[in-house]
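In the two assemblies presented below, chain A is common to both, partnered first by chain B and then by chain C.
Right, the complex of A and B next:
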């Protein structure tokens, strides 16, 4: 025993700690952060429904053209303005174009525009917003002034002009660029506000005092720690992207023939609302389903990231049930034993 | 069957408590106001079920104070909150809490709200957030009164409010009633919170770390006020704290909690004279004593407090206990009396051995090898100066209100501060919040050219630094450790990247970084296999070790420490202090140690500079300053430290610094109550 003590005495504090660590309590069950979020996400039924719907829509947009006999570019002149039937699943429009082919292509277009817009917007706003917050002093003042000035620009008009100048096949790219060019400003402002509290964190100061360059601090410390907000923002941004695209196309300022999108089909169908209502109804329903699914996913993500949400789950219930069951069993056994004795 | 056991423990608990007489107030008499039996609280979390409180029993008597001591995660706060019914919805509470015979567990929130504030009231830790900024002090006091006494007239309410404010020592209460919380200092706000708590003459006052957020001198005053409040209302007080010094001066009975259970319970004097559970011994022994010179090294309790989601089998303290045997790792000991006829309850399998052999802290925790003397080779004067600060001045403009923020004047945060640090020595910068000590630290860290005076780091004046490269070069030798290891490590980065960051910034190559990280982990006592883990997977103490490793990565000559142990658990603190001492001897680093905890400073530093309102009022050798302080402010500061010894704490007279003079603290208390 004494020998043991003497040995201990010669160890440094660090070595003692290592020993304690090795003999420490059993490994605590840990879940990785991503795993935790996924678990909380999938615990919510509505979020899972949203994800399923989105998956189906994406599959439809990718594989739809292969299962349909018609292409969205070649009309079937034998069937003009026919209601949905076995040959034309969604019917045809006034030009004889198969509506299923058009909707599937339009859906793909809308999804691509929505996703690209959301990712670009989030990336730009994250970098600009955090950089302005991190700059402090004059940099911050000038940055904020610029953002405020950009918000004043009549973006709708500019986007419309840019897209009009582009050709029909390239129009959707210009539309994405136009939307993104003005879409990030508002988000950048909110993200700056979020970054204001992050920039005061000790790890940011520590990195600065180590001599880490500013760009690295922004990319390595500030943006990743806004991660949860960025993910939710991106998802909700998809909705606003799709909605803007639809609105521009409906007004004839976005997607133009020969290309097609959900908004374009709607604008074409709106003139024949009474005689051929399916031309408006079907793309509207698809659009609504798409937006609702994204919204459900966004909601689910927010609850998954929020530590105080109802997504926390009821882990203990099983155990307390078990306890109760055990007690009940014990009581029953006791009674049985008692009765036997009697 | 279960009924009979619970009634016997109920009797036992009360029977032993009635024997607890070794304190200033003697043994409790009469019926208890509140009885807590077999209290269990658990929460559902992602990590599993957290058993926050496990079978806690105690009684409260009017006029007596029960101190509940424990580290973070010991279940002490949850215990308090379950008494008043303020737990989260996902908490499962079972057992019994009886207030004057009335069962509280199972009551609805509505029923509890009639009791809360009237018969049980609570004082929270942070007075800054306990008061609503939108309403005046008078409105908030009146609210507390009117909710439970709707018939009171305006005049009666006003009279009572003034009475309450006078009681808690707020001068000029008539005018102060219309003031808003932001016009009050932290200590004044806590007084108001206490006034609200006693407004309805409660039977029980729960104080959850009431002084942790306050400065030492304010803390002492608040504890005095709390005693006054107790005397006035005759209430039972539950004082929850991690600070053994605070308990020593205030409590009558003490319950030590660990991993959700009471591990030791005794009257105040018994607990401090004869701690008998190894955890309590370690806790009392590992605290640096402010009233004694630091001759011995602190012996830390090894390891970390357990996670309540994965409490180790057997005695929860067994993985950290030097006395643990196989039995301890299998069954959890019961809380039993140490000696028949005494109300000293201990939960330990080795209780008999501890009692019969009169084992103390020194026997259970073997002493560490003494440190090599720091000045072994070269006398102090001949060592190179690492940091020299001369007549440093830093002012902040005070901006006026309104559209044009004209500068109304300047506030001097640092006023001609001067000090020097030699190689391998520790200088402590002591002061209360607002004294300018952190501003001084940041001025040095930012490597700015000061408004007045000079900062010289390793022989280089900051005014001579020309570009970013010069600064980066200097930063290699100058690193900082922050107070809170939770926020000083990026939660999204694995430890490897955390430690690699300063090395990458200095342009090291990959293989060298790899090797260095292994060395660093070993140096601070973290298993090098853990490099892929994230900060959230480590305990507070381990995180602070990682923060220290990061600061040491580039082998700096000077380390600035901003309250490095203030946010750590008591049992962990000693380990970090020892680590810092070891590292200083091994690596010959100099420390600039900023702190408000004078006990730690006496232990670790060679010289002390006391800061007050931006000025250094006293500067000298640590032992000299502690034993023979010259400046009145230093004297007041020293007399305010709570000392973890109830007998010393009860007999000494505290001094308070007022306008450059020292006055005895008792003269500040309301006259009627002396």
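Right, the complex of A and C next:
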């Protein structure tokens, strides 16, 4: 009797499947990998908040110069060191420069430097890191020795030496180049460790025995399989790029007058902290908002790529939802009992 | 034991070669990008050409001498006399560095100890309460502090300290230097020192304890879900006992590696904090070297930091070998 029932059920299930197939692909919503990640990303409130803030900041950096009456290069001598007011939204500094114009320009600089640095650094470190892992043997040994050797001297020193020689207006390009030249080394080391398990995969071996050139294997098989890590790294790398720009410009080594950046404004304002606190506070707040929004996006991406995270969402019908609730209640009760014993 | 010593010797030789190559590269880079000549040429009144050449030659910084020749002379002085050369102004780099290490150690020692203690304990605390409000609060705070630029953090702390000073009408916090009292009274001196060191210590402690906190949290969470902890629980240990006796110990091994690197960084100082609080330590010396085209000074700082980093790496290996029974020296 029971067997009969089971058979019936199986039949009906099979029939259902057949019906579903017959209904065509329109019935099943297919979703690309990128679409899936995007859906998981947007499921998280904090990530959406981060992305919104970043979008606002980017819009501000692009359109800010057009809505502001003043340029960051021409001072208003009738208003020197004035607090934020209707004419100068963020006030002016000791030279009469409109702080809103300066901050907007500096924000643009920070974003450009951070993004370019992050993309270049990630690209270089991905190629070098996986290439060293793929090389094996002596190539790997020599590569690792070179990486370790380059890491011995703090890159802060080397970058400072290079960017200090740059001139005022081209300084930001030099800063990107200098930061990138020594910023990829640590990442390359990490990515090499990640690639160690990838190089043992069957598809890599298969490609190798089919005579695919090494460069192609690295670019087509190894790096794409690190994709999720690379995307997250790039976002977090933007933060370190922005931090470095601020640090160098503050020290007077990175971006210098007549150009301006958030770090440069901070260094100018720090000497007049008592008489004109807004010069220091406004760029600080902008920097904090910028970095925190990038951090929120990075965390959101990490969760979106992680198949075990809660961002994956729950797909459940009514019946199993009830089951889940029951299980959760039981577990909570069990926990309570357990903690009682402790 | 003999094998262990052999391993250690091999490591040290490798590190010395690394420092040598890296420092030499830095020397050539510095020679290419810094021009001590401009220090003299920008002076008013401009010194005579002969005196410029003579001063540059004396400091072994003349860019008209081939760089290989200068490098050779620089290296010979270091190897034979441990003399790291002269600044463009003619001061000995050795003296300047040795007088500045003390200030950096004074600044870094307290904050390093504090950040390890605070960071690790917060990490353990939050890992045990994963996803509870304490964890969310502290870890959220940590990830905010993680991304705030050091400059911004330091400037904001200085700003609020000055505000407090003005509100109370007293100088509670000092924001520059390490001491301003020169008298014989030890206790006044100590209080004066504490007033000076408090703010930079807060900045440095926040920056580095955040790293310890987040790392320790991850390490402990990894260990808490390991099989051997479940075994311990199954044998009847409470969750707290299992964590304290088993998971915590294992999770401290990777932390000890970080501690090793921190110990080494005590001597190299902190660039941004020293600059903002006007502390004359190694970090500030490095900035001055760059700004004054002091090639010999900058290279010496690079070599010194390199040596400290590798000392940290060596310590890390030793710590890991002492704590982790799975590691064999080979």
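One rule holds for everything that comes next: the second predicted complex is superposed on the first by the 285 of 342 C-alpha atoms of A that agree within 3 Å, B and C clash if a C-alpha of one lies under 4 Å from a C-alpha of the other, contacts with A are read in each partner's own complex, and residues count from 1 in each chain.
Please note the rule applied: a residue touches a chain if its C-beta (ideal position, glycine included) is under 8 Å from a C-beta of that chain, and two chains touch if they have at least 3 such contacts.
Remember, it's a predicted structure, so these values are computed and weren't measured experimentally.
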Please indicate which partner A:246 is in contact with in the superposed arrangement: first for chain B, second for chain C, both, or neither.
-> second
What is the contact status of A:95 with respect to chain B (first) and chain C (second): first, second, both, or neither?
-> neither
Pick one for A:221: touches chain B only (first), chain C only (second), both, or neither.
-> first
Now for A:201: first (chain B), second (chain C), both, or neither, which partner does it touch?
-> first
In the complex of these two chains, what residues of chain C are touching chain A?
-> 18-19, 21-23, 25-26, 29-30, 33-34, 143-144, 146-152, 155-156, 158-159, 162, 166, 238-240, 268, 271-272, 275-276, 286-287, 290-291, 298, 301-302, 305-306, 309-310
Chain B partner, complex, touching residues on chain A are 5, 8-10, 12-26, 28-31, 33, 36, 39-40, 201-203, 205-207, 209-213, 220-221, 224-225, 227, 312-317, 319-320, 334
Residue numbers on chain B that touch chain A, as the complex places them | 1, 42-49, 90, 92, 300, 302-304, 306-307, 309-310, 312, 319-320, 366-369, 445, 471-472, 475-476, 478-480, 482-484, 487-493, 501-502, 504-506, 522-527, 534, 537, 545, 547, 550, 554, 575, 578-579, 582
Residues of chain A touching chain C in the complex = 145, 148-154, 156-158, 160-162, 164-165, 239, 242-243, 246-247, 250-253, 263, 266, 270, 273-274, 277, 280-281, 284, 287-288, 291-292, 294-295, 299, 342
